[in-house]
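Only one structure is covered here, and it is reproduced in the block below.
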Amino acid sequence: MNVKSIARKAILPSIAFALALFVGGLVIGLTDSRVLSKISSPISFIKIFASTVGNAYLALFQGAIFDPNLAEGHSFLTGFYPLSQTVVNAAPLMLCGLSVAIAFKAGLFNIGAQGQFILGAIGASYVGFHFKLPIVVHILIAIFAAIVLSALWGGFVGLLKAKTGAHEVIVTIMLNYIAANFLLWLLGTSAFLRPGRLDPLAPPIAESARLLRLFGQNYSVNVGIFISVFVAFLFWLLINRSTWGFKTRAVGANSSAAKTAGISVQKITVGTMLIAGGLSGLAGAIHVLGFQYELTADVAGSFGFDAITVALLGRGGPVGVVLASLLFAGLRVGGSTMQANVQVPVEIVLVIQALVVLFIAAPGLITRYLKIKNLESGQEMASKGWNG
Amino acid sequence: ATAAVKTKACLALDTGGVDDKSFNASSWAGAVKVKSSSISVEYLPAASSADFAGNIKKFVDNKCTIIIGVGFAISGAIIASAKANPTISYAVVDDGAYDCNADYSVCNPVANVKGLTFATQEAAFLAGYVAAGYSKTGIVATYGGAPYPTVTCFMSGYKQGVDYYNTVKKKSVKVLGWDGKNGEFIGDFQNTTKALATSKAFEQAGADVIMPVAGGLAAQTAQNSMTSKKSVTIWVDTDGYVSANQFKSVLLTSVMKGLGEAVGSVITDVSKGKFTNKSYVGTLANKGTKIATYHDLAKKVPSKIQNEVRAIAADIVAGKIKVSA
Amino acid sequence: MSLELQGITKRFGGLVANDAIDFAVADGEIHAILGENGAGKSTLMNIVYGLLQPDAGTISVDGKELTIHSPLDSLAAGIGMVHQHFMLIPVFTVAENIVLGHEKTGLFGKLDLATAREEILRISQEFNFDVNPDAIVEDLPVGIQQRVEIIRALIYDAKVLILDEPTAVLTPQETDELLNNLKKLRESGRAIVFISHKLREVKAIADKITIIRRGKVVGMASPSSEQSELASLMVGREVDLKVDKEPAKIGREVLKVSHLTIQDHTGRTLVNNISFHVNAGEVLAIAGVQGNGQSEVAEAMLGLRDHVAGSVLVDEQEIIGKKVVDCLELGIAYVPESRELDGLISTFSIAENLILDTHTSAPYAKFGRYFPDAVKKVALERVAEFDIRAQSVADSASSLSGGNKQKVVLARELSRPVKLVIISQPTRGLDVGSIEFVHERIVTERNDGKAVLLFSTELDEVYALADRIAIMFKGEIIAIAEPTISREELGLFMAGVSSQKGVSA
Amino acid sequence: MKNKQVVSALAKKRTRNLVIMAVLNVVSFILFAYLPGKSQNVTFNFVLGDEWVIIHSWIIGSKFGAYCFSGLAVVFLGVAFLRARQGKKLGASALAYALSIFIAFMCWAAAGAAISVTGLLQGGLFLAIPLVFGSLSGLICERSGVINIAIEGQLLAGAFAAGVVGSLTQNAWAGLLVAPLAGALISLLLATFAIKYAVDQVILGFVINVLVIGLTSFASQRVLTTDSATWNSSPIFSTIQIPVLSKIPLIGPIFFSQTIIVYMLYVIVAVIQLSLFKSKWGLRMRAVGELPVAAESVGIDVNKVRFRNVLIAGLVAGLGGAFFTVGSSGAFSRQMTAGMGFIALAALIFGKWTPLGAVAAALLFGFADQLRTVLSITGTPIPSEFMVMVPYIVTIIAVSGFVGKVRAPASDGIPYKRGGSH
């Protein structure tokens, strides 16, 4: 896939993102009491409106990429600390996004990344704190445990779908709740309690199981991001350069034709969900081994859910997912700074995410009102209805 | 006299946000109380535990003089940061903030971290006793949002209070929702419908006193008490008579947790240069935890009981009665 | 009442489906539109009926020009249509289908079906249709479903009645009945547009014949004109649908089906205990009105169906219970009934479609790796061999025309080493050019000593290709006959009348 | 040559279910009746308020009860077996079987405790209310051919609007009035993108949920919590005792001492059930959901019908949202619908896209949830985290074709383009 085609693919998302920011700005401005108080006098209204929204997005930027305040006194580079945070959060998001994307390739809508992430985090952290192993080996085993657990968790969905036709959307949603409660219960068991403590907080990951940090202890950026990008590359290989990928695409595009051609739809369904689960699980592992260092009740944050919007924004392709995950990670990280500095609730990030995806999914909307021709359609990804 | 040292107090909140009607809210309130010309306060919310380290780092970079982590979950991140920045003072709410070795055989306080914990079970014990004494049906109840120790210690103290009442009065008042290790939990702190259904279920099981330990969800129980008139509610964390005045007619009492005060005093200590890492435990003795007066329902609580409660409080302070978490 | 069309033009993207078509039908007249598949017949009628909007041209009824935006307008103008693809809701009862769009409601908006029931009974009396108003449509045989459509048109008393290829789904006998009924309707002074590409019928019933080809009117003809004449007008050149094939060189028994029974997931029996065999070097055609279990049998041959009992032996190998891929391995070529749904993946490139069921074997794959270049290379050869008309093998299959889609499927299936060729409705929706190609291809396979099992509802096709003909009715094979059997006899079998001579199974 | 008899999926499923039932029966004998040590009394109360006839509470020994009802279950199992032999549906016999097993289970689970049966049912209904509204919204959409994953969003929007307006006006009725409009607003989004721009409907629904959760949470933080007295303290509807009916034992307190919203629900369920199969509206709805092109061929504007029905569905769900605020708690809180929209969706599927089916499923889910509460407050050995999972597990079992292969409306989720080739 050459640069040009990527560029063309990027037009629609960019416009969509700009629009989303615009609408988000309206929401921010029109819910601000200071702004509303000026509603009577247009000029000052516009002024304060602009400044409010401007400051909000400035804070967002400072929290996500570069903050001059951090740079002053230190080297210029230290101002990029926020960016490092963005990258750290992008890694697991990327993997979850790929998990959702690969399911899409097989015509499955995997809403279960959240639960699969949790299972992965559980596996990785248990191995991470419970065993004493030499470095590297420890990491590998921890990651392995994570992938196995989460792959089974995801594969179960595929199995249900293949055997009973239970729709993956419902099942994965329910499994997310179940996983969350399972984690909560687990954190209360002696195996996961810190000796002499009762809080739902597992012992910290042993040094030997922590992922290598790239820029010293002050920056939590770790090899996780490289792993994620590499996996994105493997994703591309699997889909475009392997017979398994061929089968997957076939089942996703037209399962009955695939069946007639001797491709086992059931096998692909189960297999794809196994892989999807494993990917989310790997994300969980990278998060606890590379950044969180301990298993908590909300270890999964909202990675699993953001992943869906990431996959949609990334148009289900590895490159798209990589870029989209960086973008949304930035929004998340910047969002909390925004809330802190200008008291704009971080939830606006959800609104922006949703809007981006909406605008992308309906290219008709943009082409129609912005008179932009020959856009790549946003509908590479379609899920199957209840009967599909 | 030299100008007071400018103190910059920074709160790293737990998930749930500054408006969680619970520990985040009261910690922030406590900080705001002591805000002054020489003391500035600010906070950072966390969308998930992934934000903790970053938030603390921001504070360090912003030259905060005291960084307060709210909630046991943030403790690890606080300690890590504290060891890296020995010149800054730290505090953690709801955690002893001990630094342990790999296998937790040795745990030591950190030189610049103060742990703020609360023996709320002591006050809850009193509440349990009052509830038992108040109950006409001989059944009282409690439930939690999620089975965190900071939640269950309320429920546990409450149950012990009832049991104590039973032993001294040779009665058999039953506690629903907590059997000493297991109990009724909503599963989260959002599901108002479930909270309401649970409160109703308690009433139908005969309970006429309910103590919800579930942050904002407590309002559902009080709400239900108001409409059904079949039960009264025991508020927690703050004095509900003040913080949730619309329910005053059904609030038997409140199990208060002096979060705000504790946070406030740490900040003032720092501004006065009197900060120590000696961990603080809120007890009945130091009024770090207590039960509110009975306000409007005072006449419904037999004065006999009221006196006994005072006596028991004294015994707990004196250590004659042991209350476990 | 008379209908007149002037200069009707309709484009689908680049394709001109109707090109300035003029057409008129007067009351008390049956005017046939003759044209091969894809000529633009349905398009034209859908425009008249308001389902499609013309790009140009006018429609006038009784000399009054009217604009038809939706079927509402055409219905109001007294135009009724029996569609090529029935417009009936499968899960509705007959009565519900009839009232849909013209609902009468009673107290509290309660739906009133009573009057509809009476009407239905009245009309089915008149034409002895015997249609039960309360039957669920999907349970009815296609023949009856068509009657429901006719009844609907009559109830909203259509003065102009359009029938789009009404005989495609009928047995010869049913066809005769229909034609008689149409005559009745003509007597009653209605104008009738009769669409078909079957010369025999058109000659039998039409007062006038208009022939269209590639969306253009290429001429008018009288019913008295010769079939060959009509045919060449329709196709644009001399054609003879006779495929010349030398006598079969019968070889060993390749396929042996015994006591095959197939049920659907609700336990309804679709195919009931049938047995037959196919030898190398012969074509066994399974004829019958569509929906009598042929599709199910075909699918069972490839292990595509559950709930199958009995035995299907390919060279002594049982395939029931085998996976689809193993059946393909055994040397079965399978051309499904619907190329759009089961034969092709329309979003895949032509090249990829050419290797759908061989993508795991060399040179396309090795140790699970997949080599697009090899695929492309082979694709180019196939496209040449089967003369598939496409800009590039990288184009998506959806860009292909019907005939070329079919060629892609054939190219894929026949380029594998196979001993048994299973092929369903191979020329459905194709034009004569493609039909000839496909037929020749099938005969070649037969001559190469492969066993060919052909499923077809087109009697012409059956007669053209078959060495033996098995007729299915209601899930059973009621007779296996020689191709010498007469149309009438064959028709009776297709109608389920098995009490007669002929080599009963 | 072999010629095994075909077993249809139905027969397979029947035998499978029979086996499962038999196993369950054995389990109930062993676990509920045999294993428990000493037998304690179980008390079932049927009285809640001041019903006319006071049904006496029913007290039974836990072991004895468990034995009795496990035994009774065996009888019904036998009946079911015979019916299966004749290829009949298990139907009522299976139901009776399930009930007996359930009672046996209750005898075990509630040993030594008192269970208010009426309360249990009342609570079940209470938790089911939003589910019923939600699933009916889904029903109207999907019967019209538009998949509705956005139920959660519709409920949440309704709850928010009702809460805020009710609070600003200090009038619950005002809240109740705007809630449906809010739901319809979300539907407008769904309809526009699904019908006009033919966006994949499952994805669309999901994204709409994210949007609504984002907007309401944002607003509740930025506006509601700043001055909750003005913005977020709505009066709530008090329960209305239907004069005579509410005094009927058992039934009365459950169904006839409820808030106005619930009474509206009864009406809506009845109306939808009747009109879906017996009215012009319903006929056309099903037509465009099954084979739109056929509907168009008789002059029905398919997309107009779909658009309108999606909006109507929004009204229904929005009204259901009002239950969360003006109907029960009075104040809006972030994500207070807590995933009920998705369970409602499951109820719709479990109920095979029929109104009564969906309602029954919703009631079942509500009941399961309330049973969880009732048991865990009377104290069960099962950890609470697992008890919380019950409704989710039930949902998974439900959609796993346990009720037989369910078929959605044929064109559900497929956008309709005029004049498109078929």
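We call the chains A, B, C and D, going by the order they appear; numbering starts again at 1 in every chain.
Note that a contact is a pair of C-beta atoms (placed from the backbone, for glycine too) under 8 Å apart; a residue touches a chain by one contact, two chains touch by 3 or more.
All values derive from a computational prediction rather than experimental measurement.
Novice: Measuring centre to centre with C-alpha atoms, which chain is farthest from chain D?
Specialist: That would be chain C.
Novice: What chain is most central when centres are computed from CA atoms?
Specialist: Given all protein C-alpha atoms shown, the central chain works out to be D.
Novice: So using the touch definition from the top, which pair is joined by more C-beta contacts, A-C or A-D?
Specialist: Contact tally favours A-D.
Novice: Could you work out how far the Cα centre of chain A sits from that of chain C, in whole Å?
Specialist: The answer is 49 Å.
Novice: Using Cα averages as centroids, what's the distance between chain B and chain C in whole Å?
Specialist: 76
Novice: Which integer distance in Å separates the CA centroid of chain A from that of chain D?
Specialist: The computed centroid separation for chain A versus chain D comes out at 31 Å.
Novice: Determine the centre-to-centre distance between chain B and chain D, using the mean Cα coordinates as centres, and give it in whole Å.
Specialist: 37
Novice: Can you tell me which residues of chain B touch two or more of the remaining chains?
Specialist: 147, 187
Novice: Out of chain C, which residues touch more than one other chain, so two or more?
Specialist: Residues of chain C touching two or more partner chains: there are none.
Novice: For chain A, give me the residues that contact two or more of the other chains.
Specialist: 181, 184, 188
Novice: If you go through all the chains, which pairs of them touch?
Specialist: Pairs satisfying the touch definition: A-B, A-C, A-D, B-D, C-D.
Novice: Please output the residues of chain A touching chain C within their complex, sorted ascending.
Specialist: 240-247, 249-250, 253-254, 256-264
Novice: Over in the complex, which chain C residues touch chain D? Could you list them?
Specialist: Touching chain D from chain C are residues 46, 49-53, 70-72, 75, 81, 83, 85-92, 96-97, 99-103, 105, 109-111, 258-259, 261-268, 306-311.
Novice: Within their complex, state which residues of chain A touch chain B.
Specialist: 69-70, 81, 85, 89, 181, 184, 188, 194-201, 203-204, 206, 217-218, 220, 287, 291-294, 296-302, 332-333, 335-337, 339-340, 346
Novice: Spell out the part of chain C that touches chain A in their complex, as residue ranges.
Specialist: The touching residues are 302, 304, 323-325, 327-328, 334, 336, 341-348, 352, 356-357, 359-360, 365, 368-370, 372.
Novice: Quick check: in the complex, which residue numbers of chain D touch chain C?
Specialist: By the definition above, chain D touches chain C via 1-11, 87, 275, 278-284, 286-287, 290-291, 293-301, 405, 410, 419, 422.
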